[in-house]
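Two complexes follow with subunit A in common, the first pairing it with subunit B and the second with subunit C.
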Partner chain A sequence: MKLSLIAATLLLSMTGTAVARDLSTFTLVVKNHVYQPDELKVPAGTKFKLIVRNEDPTPEEFESTDFNREKIVLPNSSITVYVGPLRAGSYGFFGDFHQATAQGRLIAE
Partner chain B sequence: MLGVALLVFREVMEAALIVSIVCAATRGVARRGWFVTAGIGLGIAGALLVAMGASLIARLASGSGQEIFNACVLLSAVLMIGWHVVWMSRHGRELAQHMGAVGSAVRAGSSSLTLLLAVVAIAVLREGSEIVLFLYGMVIGGIGAVGLAGGIALGVGSGALLGFALYFGLLRIPMKHFFTVTNGMLVLLASGLASTAARFLVQGDLLPSWGTQVWDTSGLLSNGSLAGQTLGILIGYDAHPSGIQLVFYATTLLLLVVGMQRLSRTSPSPSPRMRSPLADPASESLR
Partner chain C sequence: MSPSFSRKSPALRPHDRGRRSRTLTIGAILLLATGVVQADDFIVYSPHVLATQSEIELRGYSYSDPRADFNGGRAAELSISHAFTDWWKPEIYLTRYEKEPGGSGRLLGYEFENTFQFTQPGEYWADFGFLASYEHQIVADKQDAFEFGPLVEKTVGRFTHRFNAIWEKQVGAGASGKYEFRYSYSGTYAVSAAFRPGIEAYGRPADHAYQAGPIVAGEWHVPGTTSSLEYRFGVVLGLNAAAPRRTWLAQVEYEFF
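Our next item is the complex of A and B:
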C-alpha cells in the first residue's frame, strides 16, 4: 500500500519532469584534456542542461563532487547532464581521467 | 604512473570496501572463499564487457542509458543485500552458535551466498569498467608499460590493502555482536547505494530532485576527499544530497530494518523439535 503510493507519486513526478523540456542549455568542450571554457556562467535557482563534448581520441569522465555529477564521455562524442537548481556560488568540475589538466568551474548567479 | 595509481586506487577502494563487508558478513558460511573469488572474477569479466559496450550503453534511452544502467546495477545490489540481511535475521543466531564448534560447516546459506556473490560481482563490475575505460585512454595516449603496470600494481595493491584492513578490523568484533554489526553495515551500505542510484536518475532527468543540496556539509567533509568518499561507500554519506536521495535512503533503511525485525520475531527456534504446538500447521504437515 505505502509502496504503491510511493511508486505512483514517483511515476507522476517523472512524467511531470518529462513534459518540462524548455531548459536552457550550456556546452562544454574537452580538447587536449582541457575544458573550454574553463569557467561557465549558469543561472542560479533553476535546472539546466549541460552538454559535454569530448573532442579527444580518449574517453573522459565528466565529474563534479561540488554538484554531484559523473558521467563517462566517450571519444568524439557528447553527453547530456542535468544540473541544478544550484544556489549562487562557484562549483568545480573536472575530468576524472585527466585531473591534472581537465579542471573547470560553474559560476551560478 | 602516480596518476594511474591514484585513479585505480580510488576505484579499487570503493569495490574493496563493499567486498570486505560482504566477506565479513558471510563469516562461517561454507565455501565462502570460492564464492567471493568467483564474484570478483565475474565482476572483472563484466567490467571488460561493459567497457566494450560503453558506446552502446551511451546511446540507449536517448542518451540516458548510462544513468539507467548505473541505477539498475546499484538497485539490484540493494535488492540482493536486502534479501541477505533479512535471511540472516532468521539464521544469524544459528550461524553464530555453530561457529564455535571446530570444523562445523554451515550447510545452509548457499542461496543467500549466491546473492552476495552477485553483490561482489556488481561492485567490481561498476568500478572496474571505469578503470578499464581509463586505462584504455592511457594506452591510446601513449603511456609507457612501466608507468602503466606500476600504476596498476600500486593502485590495486593499496586499494585491496584498505579492504583487508577493514575486514580484519571487523573480525575483531566479539562473536556475540558480530552479525549485528555486519548486518547493520550491510543495511547502511544498501541505503547508500539506493541513494546513489537516485542521484544517477536525477542526473539523467528521469526523477525529480525534490530539492538539490538539502543541506551542505562540504565545508566539514567534502565528497571529493578520501574520508568523504570512504564514508560515502560505507554509510552513503553525501555532503549535499538532493531530496529524492534522502527519500531513497530512508525508504531502503526503513524497509530493511522493519523486514529484519519482522522475520527475527517469527524466527524458528534452533531445534525444530522444540517448536510450540501452535506453530504453523502447514509447515508441520510438510515434515
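Our next item is the complex of A and C:
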C-alpha cells in the first residue's frame, strides 16, 4: 500500500513536471521529399519538441537511428516528436520512404 | 501470444481413452515435480504503435537440448496486424504451430492480441503501453487463455531498453484459475537501422526457468516503396537447469502502409 502510494506519487510528479515544463518547439517541413530546414539547431541537455509537417501528397516516415525515433507523418498533416536531452553534437534523421532526398541533421549545442 | 508449452507434457487425444488415466497420473506427477507447465512466446513487445502500418509476421523458436523434457520442442506462428490509430494495434495470429518435446507437430488455434500505446515516445521518463490478448485453442488438451500486462520502453541515445511483465490466466472449463506470471527484457544498440545487436532475457518464476542470450535485429527499407523488412534472430541460454539449454529464436516481418 505504502509502496504503491510512493510509486503513484513518483509517477505523477514525473509526468507532472514533464507536462508543466514548457518544452521549446521546433518545426520541420517535408516538401517534395526534402526536409526544410535540413539542418536545425536545437539546445543540448534538455528535452524539446519537434513538429514535423508533411506537405507532400504521400506519407513519410520520420526516422532517426542517432536519436532513436520512428514515426509516420500522413500526407498534409503534422506529428509531434519528443527528442532529447541530447549531448552536444550532430544527429542525423531521414525520411524512411524517400531516403535519397529526405535527409537532415539536428545540431545540438 | 504464447504457444503455451515449454517442456514435455502428455499428449492427450480424446479417443485414446485406454491410456488416458495413466497419462493423466503421469501428467499430474510431472506437474508437481516441475511446477506449472508454462508458456513463453520469446518476444519482448514494444509499446510503440505506428499509425496506419500493417504487418505480416512469422516467428518461432526451437529448443536445442538433448534432455527428454526439451528435445525437439519448437513452435512457430504467423500473424497479421494493422494499426488503426496511433494508440491501438490489433493483431491476429492465423496459425500457431507447436511441436512438444517427444510429441508430433500440430496446430493449436488462434489468437487476438492488442497493443495499446499510452504515451508518446520520449514524452516521459519512459514510454508506456499495455498488451491484452485472447488465445483460442482448437486442441482438446489446452485451455483458452487471457494474457495482459504493461509494456515499457526507454531509449537512451542509440540504446533501447524494453521490459514486459505479462500475466496469463486460463479460462473455460478445466482452467487452472491461477495467474501465471512471466517477464522479459531486451536491450539493443542501434549501430544502424539494419543492425541492432543486443541481449534478451526471459523469466518464468512459476517454471523456475530463466534464460538470456544475444540477439540481433534490424530493419531494411525496400527502396522506392513504403514498406520494409524486419528481422530478429538470437539464442537464449538456460541460466538454470529448469530452462532449456539453448533456445533459438527467429522472426521476420514485412511492414507496409
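In this text, the second predicted complex is superposed on the first by the 91 of 109 C-alpha atoms of A that agree within 3 Å, B and C clash if a C-alpha of one lies under 4 Å from a C-alpha of the other, contacts with A are read in each partner's own complex, and residues count from 1 in each chain.
Operating definition for what follows: a residue touches a chain if its C-beta (ideal position, glycine included) is under 8 Å from a C-beta of that chain, and two chains touch if they have at least 3 such contacts.
Since this is a predicted model, take the numbers as computed values, not measurements.
Participant: Following the overlay on subunit A, give me a clash-or-fit verdict for subunit B and subunit C.
Facilitator: Verdict on subunit A: clash between subunit B and subunit C.
Participant: What is the contact status of A:Ser77 with respect to subunit B (first) and subunit C (second): first, second, both, or neither?
Facilitator: Once the two structures are laid over each other on A, A:Ser77 reaches subunit B alone.
Participant: When both complexes are superposed, which of subunit B and subunit C contacts more residues belonging to subunit A?
Facilitator: Of the two chains, more subunit A residues are contacted by B.
Participant: Kindly classify A:Gln99 by the partners it touches after superposition: subunit B alone (first), subunit C alone (second), both, or neither?
Facilitator: A:Gln99: touches subunit B and subunit C.
Participant: Using the touch definition from the top, say if A:Pro57 reaches subunit B (first), subunit C (second), both or neither.
Facilitator: Once the two structures are laid over each other on A, A:Pro57 reaches subunit B alone.
Participant: Across the two complexes, find the residues of subunit A that touch subunit B and also touch subunit C.
Facilitator: Subunit A residues touching both partners: 14, 18, 47, 58-59, 61, 65-72, 74, 80-82, 84, 87, 96-97, 99.
Participant: Please output the residues of subunit A touching subunit B within their complex, sorted ascending.
Facilitator: Residues in contact with subunit B: 6, 10, 13-14, 16-18, 47, 57-61, 65-72, 74, 77, 79-82, 84-87, 96-97, 99-100.
Participant: Enumerate the contact residues on subunit C facing subunit A in the complex.
Facilitator: 48, 50-53, 120-125, 155, 157-160, 190, 192-193, 221, 223, 225-226, 228, 257
Participant: Where on subunit A is subunit C touching in the complex?
Facilitator: Interface residues on the subunit A side: 14-15, 18, 47, 58-59, 61, 63, 65-72, 74, 80-84, 87, 96-97, 99.
Participant: Quick one: in the complex, what on subunit B touches subunit A?
Facilitator: Touch list, subunit B to subunit A: 3, 7, 54-55, 58, 63-64, 66-67, 130, 133-134, 136-138, 140-141, 199, 202-210, 212-213, 218, 222-224, 228, 238-242, 251.
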